[in-house]
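Both complexes below contain chain A, partnered by chain B and then by chain C.
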Partner chain A sequence: MIVLALVAGLGVLATLTALVPRAVRVKLVAGLLGLVEIVGGATAIRVLATNHAIVGHTSSLVPFTGVRIDLTPLGALFTLTTAVVAIAATIHWVGYRRHAMSSVSLSSAFALFVTSLLLVPAAGDIVTFLVLWEVMALSSLVLVAHDHAKRDETRQAAWWYGAMTQGGAALITLGLVVLGGHAANPSFSAIAASASHLPAATRGAVFLVLLVGFGSKAGLVPAHVWLPRAHAEAPAPASALLSGAMVNLGIYGIVLARTLLGVGATWWWLVAGFFGVISALYGSLYAATSTDLKRLLAYSTSDNMGLVVIGLSASGLFAAHNAAASSLALIATLVLVTAHALYKSTLFLGAGSVQYATDERDLDRLGGLARTMPVTTAVIVVGALAVAALPPLNGFGAEWLVVQSLVHGLSGADPVTTVATAVFVAALALTGGLTIVAFVKAVGVGFLGRARSESAEHAREVPVSMRIAPAITAAACVALGVAPGLAITAISRASDAVAPNRSGLTATLSGFHLQALRSAVDPLALALGAVAAALVVAGLRRAGGPRTGAKLRVFEPWGSGRAVTSARMQYTATSFAEPLQRVFDDVLAPQHDLDVSHVLESRYYVERVAYASANDDIVERRLYRPVLALAAVLGVRARGLANGSVHRYLAYGFVVLVIALVVVS
Partner chain B sequence: MNLRHSLQLRHVDAGSCNGCEIEIGSVFGPVYDAERIGARLVASPRHADALLVTGPVTHNMASPLERTYLAMPEPRLVIALGDCARDCGVFSGGYAVAGAVADVVPVDLEIPGCPPHPDEIVSALRRFTNR
Partner chain C sequence: MNLASLLVGAVQLALVVLGGPLLLGLMRVVRSRLEGRVGPPVSQPWRDIAKLARKQRTRPSESSWIFAVAPLVLVATAATVAVLAPLVTLAPPLASSTDFIAVIFVLLVGSVALALAALDTATAFGGMGASRALTIGALVEPALLVAVLALSMPLHSTNLIAIVANGSRHASTLLGPSHLLALCSFIVVILAESGRLPVDNPSTHLELTMIYEALILEYSGPDLAAVTLGESMRLAIWLGLFVNLVAPVGIAATAHPLALVVGLVALTLKVVVVGIVVAIFEVTTAKLRLFRLPELLAGGFILAVLGVVTGAVMR
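What follows is the complex of A and B.
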């Protein structure tokens, strides 16, 4: 309790420190914030190590209910993940400050955002939770809107994000208030105790409301539309926190809903699984076809959260008939959440460094950064390998566990669950392939080859702090990949709080073992095997290649005899994704615009050809735009209601009062 | 040079009147079908054993011809096909002409004629393919 108060106090202090003069502002705030993160992380580690929740209650600070703290191992896992991501983001921020990130408002918003992210999982009752949740949402909104004065895209992103996050918060509030109304007090433990007495229909409705509310925070399709905008427009340290820490809390919320409401009916998890599958496929498809590096990463976040929700749904579906697979799915989900936080923050920080050095996010205008920015390229490659789930990185172990739980969950399942599980596995497989396409494109086009623009050509490696920050999270990806045993005890303690571990999952320093399911994997051995195989192939090639003494001649790439081989002859991100876009033409419905203008004298001679293709979000275009257009029309119509007559306004008030009284009575 | 019955050719038109191209077309057509004797036209100098050059080398084509030659793997051959390729033929002295093929890249074999008869082209190619 005292340590958490310390975290909150230091966080507020860091927020206020933003008022000091500019020269020392970022360093001071970052220093204090580092302290906040270390204390928060250490507290979380203590909770996970001792397996004892930190519980406390004070009746001060918030009227009527006070503040209730309940940092369970589950919450501690999320706090710890956030702390690691936030440490990297803060270090990155110190270098990034040139980019207008050092103003009073942004520095304080950053401090407040980090503090609230660390504390949300520690909330022990509805009011504390919602207050912290709102602080988190509003401070991140300030960060997203950082460049609002200059860029229209930023303003748009801020509007979308603000509207979506407040809509989500309204649903969450509704769901929690309904539950709280039936409990002895608003604490989560009291709610969990009383929720089982509620009628099944109410519990189902509350679950749906919470699923949509928290799902919008986690970036589940179709509530994902804010994600590609906000993540792309926010400054890099903030995008890393949005994607590496904040979306996790959406998942935390769904797990929280399960702890409050119990496992519930099968249909709950079929609905959740449906959104998971849609998000995974939709996110990975758009990631594979996006050409904006940060948009690509944002869609990939949507995709990963989809996979996480698939895992959660599997856990819920299997709970009735296969406790081992159910608990394994939950652990796998949490492993995936932490893995995602680490690799996605690596990628976002790396992408931020690229943007800092080149002022570009468009892959088609990058290229050749491997030579000019070797450290940044290296961390991006590690992140890309991890997100593509290749051993020995942490993404591999996470997805292996999810697949294991799905496959083993089939035994004893009823037909509906069996079909759902088959769909989950298929979605996982397709997503895996599309993710690899997306990241081969990102690394191949963005970092290899030759520079495609002036700014990429003259890119210089970023300041030290911005190189160190993503290297920290990248190192964590490697460490948890080769030695999953480091985290698996903590993660299974976190999941024990929700469903006891029956899978017999243990992890040695180098691999996973599933006693109950007789299955094991050793990512390190797999990776070493792959390296050994590569060496053998290289050796064989050398032995069978040109005789020793053959002379090696280096000549420019073949450009059909042309004297200039320009960087524009290279494969672009757009052309790389084109075949895929063609295959999924009906789903993506990209918009092409070809405009040919002819010479006045003859239609046989073309004067100018203009071609534009846009691959904007189809959910936004087909679902949100019409609704927004309708709202705009209604808004204009409604102006007629307000004609300036005070008598009329008084009449409105009276009518509304009468209606309210009739409804209430 | 032992090509073991297989000759991969990259054709470059360095400025020909296209008469020679018509004969090359018929060499690889159904009547003469040079693929029977192991010769084949390929789409990139990277895949070629020999460069088949027609026409006088114009100023504009001198550099592409040289680049094509340099882009080929070694060992490599150059065949100058037609009188123009050998000594600029009827175009000799033209304002656009830079010189004969041998002035730009080293030539290994010349096939005379304006244009050479397909028979002659095939028999010239057979000297390399040994079939």
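What follows is the complex of A and C.
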């Protein structure tokens, strides 16, 4: 309790420290914030190590209910993940300040955002939770809106984010208040004890409301529209936190809903699984076809959260007939959450470094960075391979565990669950393939080949703090990939806090073992074997070649016999994704606009061809735009109601009062 | 992992390394004969590799370390799988953790490395090859993973050795509808993954129609030798896995030398037969248009889903 108060106190202090002069501001705030993160992380580690929750209650600070703290191992896992991501983001910020995010408001918002992210999972009752949740939402909104004066896109992103996050918070409040009304006090433990007495319909309704509310925070389709805007527009350290820490808390919320309400009915998890599948496919498809590096990463976040929700749904679906598979799915989900936090923050910080160096986010204007920015390219490659779930990185172990739980969950499953499981596996597989396309494109077009613009050509490696920060998380991706045993104890304790672990999963330092399933995987051995083989082949290649003269010749690549080569002859991100875009034409419905104008004398001669294509978010175009347009029309119509007459307003008040009295009676 | 299993792994590796290029040569000979040509000798791929290995290494002016590393990754991942997969024997090293999904993903690392290297060459052909190869790869993935799910259903384990061992012990499971459907989908997957007709024409020389050849267009000398070797090893591994899932006849259950010899001969014979069948099939089919491929791959996916459904119903 005292350590958490310390975290909060230091966080507030860091927030206020932003008032010091600009010269020392960021370094001072970052130093204090580092302390907050270390204390928060250490507290979480202690909870996970001792397996004892930190519980406390004080009746001061907030009227009526006070502040209640309950940091369970589940919450501690999220706090720890946040702490690691936040340490990297804070280090990155120190270098990034020369580009953006050095003002008083942004420095203090950043400090407040980090502190609230660390503390949300420690909240022990509704009021504490909602207050921290709002602090988190509003401080991040300030960060998203950082460049609002200059860029229209930023303003748009802030509007969307603000509206969606408040809408989500309203739903969360509604769901929690309904639960709290039936409990002895607003603490989560009291709610969990009383929720089982509620009628099934109420519990189902509350679950749906919470699923939508928390799901919008996690970026589940169709409530994802804010995510590609906000994550792309926010400054890099904030993007890393949004994507590596904040969306996790949406998942934390859904797990919390399960701990409060119990596993519940099958249909709950079929609904959740449906949204998970849709998000995974939709996110990965848009990631594969976007050309903006940060938008691509943001869509990939939506896709990963979809996979996480698929895991959670599998856990819920299997709970009735197969406790082992159910708890395995839950563990797999938490492994995936931590893995995603690490690789996605690596990628966002790396993308921030690219933006710092080139002022570009458009993949079609990058390229050739592997030679000018070797460290940043290397961390991006690690992050990309991890998100593509390739061994031996941490994404692979997570995806492997999810598939294992699905395979195992089939035993004893009823037909509905069997079909759902097959759909989950297919979604997982297609998502995996599309993610590989997306990230080969991101790395191959954005970092390899020839520079596609002036600014990319003259890019220089970023300051040292910005190289260290993503390297920390990238190193964690590698470490947890080859040695998954490092984190599995902590993760299985966190899942124990939700449902007792019956999976029989054990992890040695080098791999996962599932005794009951006769399945195991050993990424370390795979990595060592492959590295040994690669060294042998490299030795042979070195030994080969001509006996005399140079062993390596640099030449101009083949251009079909043309001697001229230019950067514009390379594949672009758009052309790279074109086959996929054509295959999924019906889903994506990209808009093409071809305008050919002819010379006046003859229609056989073309004077000018203008071609524009846009691949904007179809959910936004088809679902949100009509609603917003309708709202705008209604708003204009409603002006007629307010013509300035006081008598009329008094009449409105009277009518409403009468209606209210009728309804109440 | 003991000495015997390591030895067994070495035998498998040697077989795949030596036999891969010969398999490629054999398939070319069969194709040539059916097309009325004499064709190159079976050992031609090995002669090419030996000749290339003696030449100067080259690299395009704009490439980075990725271009140099990719051939190594391709061969190394194939070699790792060759050691661990149940090809000649059911007792390779690390038998308990030879997972089907891990095998697929390790091979995938090689494909991704090659695609990145193609983009690293800064040419249109490289990008074209990478884009097409990965698009197909993405669409193959669902068929592949659902087929794995169907194959792993009887045991509830994705351990590749356990799946093959189960087939060799209970031959009746090999004829189950679920197993057969999954293997049908596996055929589509293998044709796509190893770039054979009707997905890709391995002997084309027209840049605009090719996928795989465009991917490796800039490689030459020892690097091309490594890429050729790696690619032929992958073909041998895919076909080897396929024959052992279809008919694990003769696969060595122990590391006993005699059993190993039997396993070696059995695998070679089976792969030769399947290789010849694939070559005959290639002569008799035309390459599909790139945008017709999704239909073929969707067909493979549906077969795999049917495999899962029948597996669940039959239980």
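Basically, the second predicted complex is superposed on the first by the 636 of 665 C-alpha atoms of A that agree within 3 Å, B and C clash if a C-alpha of one lies under 4 Å from a C-alpha of the other, contacts with A are read in each partner's own complex, and residues count from 1 in each chain.
Just so we're on the same page, a contact is a pair of C-beta atoms (placed from the backbone, for glycine too) under 8 Å apart; a residue touches a chain by one contact, two chains touch by 3 or more.
All values reported here derive from a predicted model rather than from experimental measurement.
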- Message: According to the stated criteria, A:608 is in contact with first (chain B), second (chain C), both, or neither; which is it?
- Response: neither
- Just chain B (first), just chain C (second), both, or neither: which does A:582 touch? second
- Message: Contact-wise, after the overlay, does A:558 reach chain B, chain C, both or neither (first, second, both, neither)?
- Response: both
- Between chain B and chain C, the one with more contact residues on chain A is chain C
- Query: After superposition on the shared chain, which partner residues are touched by A:197: those of chain B (first), chain C (second), both, or neither?
  - Reply: neither
- Query: Which holds for A:426: it touches chain B only (first), chain C only (second), both, or neither?
  - Reply: second
- Message: Between chain B and chain C, whom does A:567 touch in the aligned arrangement: first, second, both, or neither?
- Response: second
- Message: According to the stated criteria, A:530 is in contact with first (chain B), second (chain C), both, or neither; which is it?
- Response: second
- Task: Once the structures are superposed on A, label A:520 by its partner contacts, choosing first (chain B), second (chain C), both or neither.
- Result: second
- Item | Those residues of chain A which chain B touches in one complex and chain C touches in the other | 553, 555, 558-560
- State the interface residues of chain B toward chain A in the complex, per the touch definition above. 12, 44-46, 63-65, 67-68, 70-71, 74
- List of chain C residues in touch with chain A within their complex: 53-66, 69, 71-73, 75-77, 79-80, 83-84, 94, 96-97, 99, 101-102, 105-106, 108-109, 112, 115-116, 118-128, 130-132, 134-135, 137-142, 144-146, 149, 152-153, 155-159, 162, 207, 217-218, 221-223, 225-226, 290-291, 294, 301, 305, 308-309, 312
- chain B-touching residues of chain A, taken from the complex the two chains share: 553, 555, 558-563
- In the complex formed with chain C, which residues of chain A make contact? 288, 367-368, 370-371, 377, 381, 385, 388-391, 396, 400, 403-404, 406-408, 410-411, 413, 415, 418-419, 422, 425-426, 428-430, 432-434, 436-437, 440, 443-445, 448-450, 511, 513, 517-523, 525-526, 529-534, 537-538, 540-541, 544-546, 549-560, 565, 567, 569-571, 575-580, 582-583
